[in-house]
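Order of writing sets the labels: A, B, C and D. Residues in every chain begin at 1.
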Amino acid sequence: MEVKVLAFAQARDQLGFAERLVTCEPGESPRAVLARIAPELRLEAMRVAIDQEYQSWDVPLGGASEIALIPPVSGG
Amino acid sequence: MEVKVLAFAQARDQLGFAERLVTCEPGESPRAVLARIAPELRLEAMRVAIDQEYQSWDVPLGGASEIALIPPVSGG
Amino acid sequence: MEKQILFTTEPIVIPALALPSREIGACVEFQGVVRETEQDRLLAGLQYEAYESMAVRQLERIFDELSAAHPCAAVTFIHRLGWVPVGEASLFVRVLAAHRGESLRFCAEAIDRMKVDVPIWKRVYERHRTA
Amino acid sequence: MEKQILFTTEPIVIPALALPSREIGACVEFQGVVRETEQDRLLAGLQYEAYESMAVRQLERIFDELSAAHPCAAVTFIHRLGWVPVGEASLFVRVLAAHRGESLRFCAEAIDRMKVDVPIWKRVYERHRTA
């Protein structure tokens, strides 16, 4: 299956892309996917959203279509 | 000396006037003045201001020019 | 802090927002509107009166005291007097500050204190007598 | 409650106030404005971005949760994206409720929660480099 990886703010700077399609297995976690495509990225500094909901880095993707990397937010 | 007695809201209804000049002595308190001009008035239900500052009912008028009867306020 | 205090018998016209400096980060505005139902009574509106000169003096003191606790740059306070029909504003408060926390706390506490100490009164006028 | 959520790259235009019922007694409006000085740096402005679809979803949930604690009738939330120069608003929030306490608490807590959980980011652009 293909999952869209979205990167915002500092995560986008670090990854060098805003959006990328990645081939994944439903049993894989966001942590596993990121370890594969961006092994240098420090995940502790950010949260992950799966299909627009905050999730643990270790939850299986299941049928998800979107993973988003959410650095500390600063709206307002 | 002459002191202006101002009555607002329910105090005005009860006294039947909004403003009246009353001859007073500097040693008199607002309580004494009101006992003289409106002996029926229940002072516990309201506050008094002397020259636009809240005061005790028992403070002497001194050189005050204005006494105001302040029923519970309800602005907003 | 800048303090602007106004009583008016006309409908409240909200003054245009002018920022007094480039360090204003928060603008809070509050409008109190006359509601139709108060304590199970149906109102047509409210009649307001004030002891204006004392009210201004009390408000200035309240604003100065609050500003020491919650630093703010400016406050605008407008209270309508006379008849105010349901659906129209009786009160407008605007607070400008560097930070939102101060501006929101100042606004909330200013209204709380007004309701305790500032000589303004409303009278209820019912639309239908129920008794 | 009625919820209106908008992101815009244009300067924020405050929508005309329309009261949804005759039981609205309080209208709170908050504007967040870009300040010139932030942590001793002189800014020209801020650059904002958002993960819009998720931000809308998060805001709707926050508003529903807050409305259970502080009953309010309507909320309007507008956040500007892209470049926002010093002195212009990046955020507008309007809350309508029967009572002022609820409207003020809803507004304050909505902004607090936005700053923790809603995927919106700002970047600082300095006016003068100091190092």
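Here is the rule we use: a residue touches a chain if its C-beta (ideal position, glycine included) is under 8 Å from a C-beta of that chain, and two chains touch if they have at least 3 such contacts.
These figures come from a predicted structure and were not determined experimentally.
Looking at subunit A and subunit C, the chains in contact with each of them are D.
Separation of subunit A from subunit D in touch steps, taking the shortest path, is 1.
Each chain gets one centre point, the mean of its Cα atoms, and the points for subunit A and subunit B are 72 Å apart. Centre-to-centre, using mean CA coordinates, subunit B is 48 Å away from subunit D. Remark: subunit B and subunit C have CA centroids separated by 26 Å (rounded to whole angstrom). Centre-to-centre separation between subunit C and subunit D, using Cα means, comes to 22 Å.
Across the assembly, subunit A contributes residues 76 that each touch 2 or more other chains.
Subunit C has residues 32, 100, 111 in contact with two or more other chains.
Here, these are the chain pairs in contact: A-D, B-C, C-D.
Remark: subunit A residues 6, 8-9, 49, 52-54, 68, 70-71, 73-76 touch subunit D in the complex. Touching subunit A in their complex are the following residues of subunit D: 32, 48-51, 53-55, 57, 79, 90-91, 111, 114-123. Residues of subunit D that touch subunit C in their complex: 17, 19, 22-37, 86-87, 89, 98, 100-101, 103-104, 107-108, 111.
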